[in-house]
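Here the structure comes first, spelled out in structure tokens, and everything after it is commentary.
Chain nomenclature is as follows: A, B and C, assigned in order of appearance, with residue numbering initiated at 1 for each chain independently.
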Amino acid sequence: MLKIKNLKKNFGGVKAVDGCSFEIKHNTINALIGPNGSGKTTVFNLISGILKQNSGKILFDKIDITSFSPQKVSRTGISRAFQKSRLFSNLSVKENLILALDEEDTLFWKNIFRKNLISKEREKIIKDTLELVGIEKLENKSCEDLSYGQKKLIELARAILNPHKLLMLDEPVAGVNPRLRNKIAKILQNLKKQNETILVIEHDMNFALGISDNVIVMDEGKVIASGSPKQIRANQKVLDAYLGE
Amino acid sequence: MIDAYFTHLLILIGIYLILTLSLQLAIGYTGLLNLGHVAFYAIGAYTSALLVLSGVPFIVSLILAGIVAMLFGFILSWGTNKLRGDYLALATLGFSFVIYNILSNWISFTGGPLGIAGIPKPSLFGISFSSNFSFFILTSFIAIITLIIIWKITTSPLGRVMKATRDDELATKVLGKNTFKVKTYSLGIAAFFAGIAGSLYAHYITFINPSSFTILQLIPLLAIVIIGGLASIRGTILATIILVLLPEPIRFLGFSSSVVGPARQFIYALILLLILMYKPRGFYGKVELE
Amino acid sequence: MSVILQLIVNGLITGAIYALVASGFSLIYSTNKFIHFAHGAVVAFSAYFLYFLFSMIGMNFGFAVIFTIAFAILLGWGMNVVVYRQLRKRKTSSVILLIASFALLILLESLILILFGATVKTIGFIRAATSIEIFGAFITPLQIFIIISSLVLLSLFLFFMKKVKVGKAMRAVSDNKDVAEIVGISSEKIYSLSFLIGSGIAGIAGILVALEQNLQPMMGTNLMIKGFVAAVIGGIGSVPGAILGGFFLGLSENIGVWFLPLGYKDAIAFVILFIFLLLRPKGILGIKKREEK
């Protein structure tokens, strides 16, 4: 489904991503792991269209999305959650989620005389999603007032609601308590049962290796290993990368 | 006598309301620090004046004034799309200066520093709106329509995307929205109404020249938008009324007319500063400037 | 040939003034990280203050100049203490600071209009401006003085930024405030200092403009826009850049006027501004944490 070919990205003299290649297969949960500074989030930003690569290709369902803008990447079917949640702080939880669902809201004439009513269908979808992440009561709360954990869940919910074929989550359980971590793990596994494809960046090794079918390990901008969790656990190169030489 | 004076104030409030509501759409709802609003006002005024003086009916000239201003709004949006916060402010301010410069120098077209005189009062379907009172009715009518349209936009799904763009443009893009289109709509609509306000102004005062459209004229608008509270229509209306009326007593203190003008701007600037320092959310604002 | 030389000479004179305005502005921007619009008002008010002291009260010119520079420094420093510092305490964004500085600009310009009226004024200190002819171009002694003194001043300024300890501290704060604070540099003190120095230079610019040209109430806004354009051309946040930008702008305006009607001189600056804002790679604009496509 997603193919990264020899991706390179420099910032001044720093080679953040230095020839990175990997592949994601349909209906799998994948984890992108590696020590701090190995280039994981940069790869996400390159895929999302937020950064422009220096060289290399990104193919999604055979389409070359390398130079797509963030809007176009999203419309092609990749939905992304950020590490530090980027919710719309002056809007309510409900509004944040509707924005993900509504694909016609930038059409002028259709909108100017249309009331801001959310169809019953969509109300239900939102309710269900909030139930899914376990915070139904917060629909109308302003995002400014949410706790860290709640924000992360809404960020996740919003990414899920954005129509997609691939879900990319950047550290979905960072700083989150163990109970919530398990809840999110279950949510992701359920999503996979519903035929979804997921790519996760995560520092929590247990979490990452626990839920994924395929693991990609990066260090210093390159992929140093990939395979099943079992294979990765036994891989010496990976241990070296994390422990340092 | 007193009647005429109050009617005059009400007309001013009406024209200002159109300007401030449209500016609020751009700044408060979409997060575009558009300091070029006065330029659209000027473009509307000159367009309408020139058209009517060439024989075009008022109602057509009014709408065209809005449309021409809107086109400039689109151009400005296209030019400033990639700019952030303070750079956007500077660029739009620069745009204001360019327009002022052109209006002052293109003498054959705009009359240069002398401007255009003898602009007729509006006449619609044969009725002439020459009395103050009738002009007040006209202005109020247009102001109310403006209010309704802008309110509808801000409460529509499009308005929601505008607010999202204001809060976090990147996150909005990542959700698949074309934020450039959204920003362009916002700036274009704001410019449209500023142009309409300009037309009303031109046909009310019956004489326009570049000195009515310097950046000094921006300060009351900016003050109103911020003091009323960003993204608050209620606040904008209240602040417009209060701030238009507030400096009026100066007129009765016996200063010469050349002092009254700058004194008004001084007061507006001072109030804006005080609000920014002590109560930045203004009356009803829920949004902080980012 | 002599026409071109004359244009260049004129360009250098205007450029010198722009460079002075731009360098002070750039110093304040690079350390404080917001656009201090009211900088132009400091220039304008200094010019009018000199007019007040010299032409209205009749003070000795030398004293009037000294008092004017002191006034400019006090004005700039005052704005920082009364307005900006209060806003900074509440951790406001640079956008709010920009709006506040815009309000300050209008405040001061309205004050000028109230106190001095709208008519154009001149300071008749150097009455008979007998031009000297150099290679076919005409230049007055005052104009030579302007170019030379600004070059000297700007060189001293650059030397200060590069070699003197405090100047280096200023560059540290402009590079990375948090790291600078860790090594013991007080950013508030540096902010104050940038306003002192920047406004002092603005005062000098105001004096030179008053002598060479004339005084108009809107001159502050005008010079501020020119100063900002110069800073953008040279690379915003870079003081040497602002100086180069100032001369570049001065030359462009004067050479451009040869092709355009005189009134459009100001428009040249704006056109250059838009060209630079449009074409510059987005990564250089402001201080952004992410580079964007």
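Quick note on the criterion: a residue touches a chain if its C-beta (ideal position, glycine included) is under 8 Å from a C-beta of that chain, and two chains touch if they have at least 3 such contacts.
Bear in mind the structure is a predicted one, so any value in this text is a computation, not a measurement.
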More Cb-Cb contact pairs, comparing B-C against A-B, go to B-C
Ranking chains by how close their C-alpha centroid sits to the total C-alpha centroid puts first chain B
Taking each chain's mean CA coordinate, chain A and chain C are separated, in whole Å, by 48
Cα centroid separation, chain B vs chain C, in Å, comes to 30
Note: chain B sits from chain A at a C-alpha centroid distance in Å of 42
Flagged in chain B as touching 2+ other chains are 170
Residue numbers in chain C touching two or more further chains are 290, 292
Contacts with two or more other chains occur in chain A at residues 50, 69-70
The answer for chain C against chain B in the complex is residues 34-35, 83, 86-87, 90, 92-96, 98-100, 102-104, 106-107, 109-111, 113-114, 117-118, 218, 221, 225, 228-229, 261, 263-264, 266-267, 270-271, 273-274, 277-278, 282, 285-286, 288, 290, 292
Within the complex, chain C is touched by chain B residues 33, 35, 79-80, 82-87, 89-91, 93-95, 97-98, 101-102, 104-105, 170, 214-216, 219, 222-223, 226, 258-259, 261-263, 265-266, 268-270, 272-273, 276-277, 280, 288-290
Interface with chain A, chain B side, in the complex: residues 149, 152-153, 155-161, 163-164, 166-168, 170-179, 181-182, 185, 231, 286-287
Per the touch rule above, chain A residues touching chain B in the complex are 48, 50, 69-71, 73-75, 80, 82, 86-91, 95, 98-100, 102-108, 111-116, 158, 162
